[in-house]
Amino acid sequence: MTVEEMIRTHPRPTDLDRDALVHCVDECADCAATCTSCADACLGEQDVQDLVRCIRRCSDCADACTATGRIVVRLTEPDVGVLRAAVQACAAACHACGEECERHAGHHEHCRVCAEACARCEQACNDLVAVLR
Amino acid sequence: MTVEEMIRTHPRPTDLDRDALVHCVDECADCAATCTSCADACLGEQDVQDLVRCIRRCSDCADACTATGRIVVRLTEPDVGVLRAAVQACAAACHACGEECERHAGHHEHCRVCAEACARCEQACNDLVAVLR
Amino acid sequence: MTVEEMIRTHPRPTDLDRDALVHCVDECADCAATCTSCADACLGEQDVQDLVRCIRRCSDCADACTATGRIVVRLTEPDVGVLRAAVQACAAACHACGEECERHAGHHEHCRVCAEACARCEQACNDLVAVLR
Amino acid sequence: MTVEEMIRTHPRPTDLDRDALVHCVDECADCAATCTSCADACLGEQDVQDLVRCIRRCSDCADACTATGRIVVRLTEPDVGVLRAAVQACAAACHACGEECERHAGHHEHCRVCAEACARCEQACNDLVAVLR
């Protein structure tokens, strides 16, 4: 909600599709928090040994989402090449993390929730890349 | 929504008030994105020279909120001293940023929206500190 | 080296002790990378179950150091209250992480190296707080 | 120095060229701090209006370098696709920032220093991508 209002009151008009942009920023923020939480939840599980790859994927994904959300929300003097590369890197991190979390979704609810957040964020990233000129 | 679900499905029970915790994480995420956007919107204004302090406050607040949201969302093996210091630093950054944005709220809508996000996040941080043992 | 040069060529003079400031920024950058690496190294150990608290401390410390390094390196329109709270939060995170890593320093070299980086960063933070007015 | 020692004492062997990896992590840390400082120094200049694009490029580059340094330093259960996309996004951000800082290098020393840090980090990223399998 707040991000939508910020983009609407920004002094510099953007050529980009505003809905795609706001959606990507929102999903990055949600996915960053969710992945940070999932890495921590996995760390707290008794079978942590089986969740090592999941913790790694979640940690990378949280970092990619944090950086990408910051870059995407900026509208002043954009560089489309930087934007595209950041959003693509985020989509790649979300894909890898979602795939791994999906494997544990049956026995860990937090992995199921995280896999869904990753899938939404990956989609939002891909949708934004599709409208980048 | 997602953070609440993540906290609820976490394997390690927390002594902390869950509502205060979830609320703080959510506000940190919202405030980080809003402050990053406000710094960028100020940078895009014609009177950027008058918004230098505002950009500084927003940049600091975004960084404090990002780190604090990550630290607060983790529930495994918490250290209450680290948690308290991080949340207090976040509250200080929100207070300083909200105060400065408030001064520009009359002529820049994004500063008004940002001042409100900072006030909400500062309150959420103070509410969490109040229940830390 | 680079940070020292950046501070020296900055347009706004700072009242703060430059050596203390540069030292704190450098140690934050080093400690952030070291703690990120130590969390990952612990995750890769066969006795990961015994390193859960260490991974948590390292993750928090990396986040605190990243945010604090960014806030401290900025010299334009500083707010001493925000600066002090951020540096104190960083010192707290370094102290807790260093203490935990120290416990594993005998059997994991990366924990020994990390404990030393945390001690240096904590000292640099405390030295900077001491000269803050 | 510390990163090199961390990588050397890590329990999981890496297929990657260690020198390229350590170098990339070190340059990401240096470039992140330098770009954060350059954005702030530009903000403190009297001709800030002429440095708006430079502040934007530096802010994006600092975020990309921070995330990429964290992802690259992790050796446990790597995903080469995530790694490659992150390093490429970092190289793109460094290239765009270095190019813009170079334009101001004649009248602002901090932009000259920052342009050099960006060039080194871009090179380190490209060198690492070249050895990724």
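Here are some notes:
Labels for the chains are A, B, C and D, by order of writing; each one numbers its residues from 1.
Please note the rule applied: a residue touches a chain if its C-beta (ideal position, glycine included) is under 8 Å from a C-beta of that chain, and two chains touch if they have at least 3 such contacts.
If you're wondering where the values come from, they're calculated on a predicted model, not measured in any experiment.
By number of C-beta pairs in contact, A-B leads over the other of A-B and B-C. Seen from the Cα centre of chain C, the chain whose own Cα centre is farthest off is A.
The mean-CA centres of chain A and chain C are about 26 angstrom from one another, to the nearest whole unit.
Centroids of chain B and chain C (each the mean of its C-alpha atoms) stand 21 Å apart. In chain A, the residues that touch at least two other chains are 40, 43-44, 52, 56, 59, 66, 70, 74, 76-77. Contact residues of chain A toward chain B in the complex are 2-3, 5-7, 9-12, 25, 29-30, 32-34, 36-38, 40-41, 43-46, 62, 66, 69-70, 73-77, 108-110, 113-114, 117. Residue ranges of chain D in contact with chain A, taken from their complex: 52-53, 56-57, 59-60, 63-64, 66-68, 70-71, 74, 76-79, 81-82, 85-86, 88-89, 92-93, 96. Across the complex, chain D meets chain B through its residues 39-40, 43-44, 48-49, 52, 55-56, 59.
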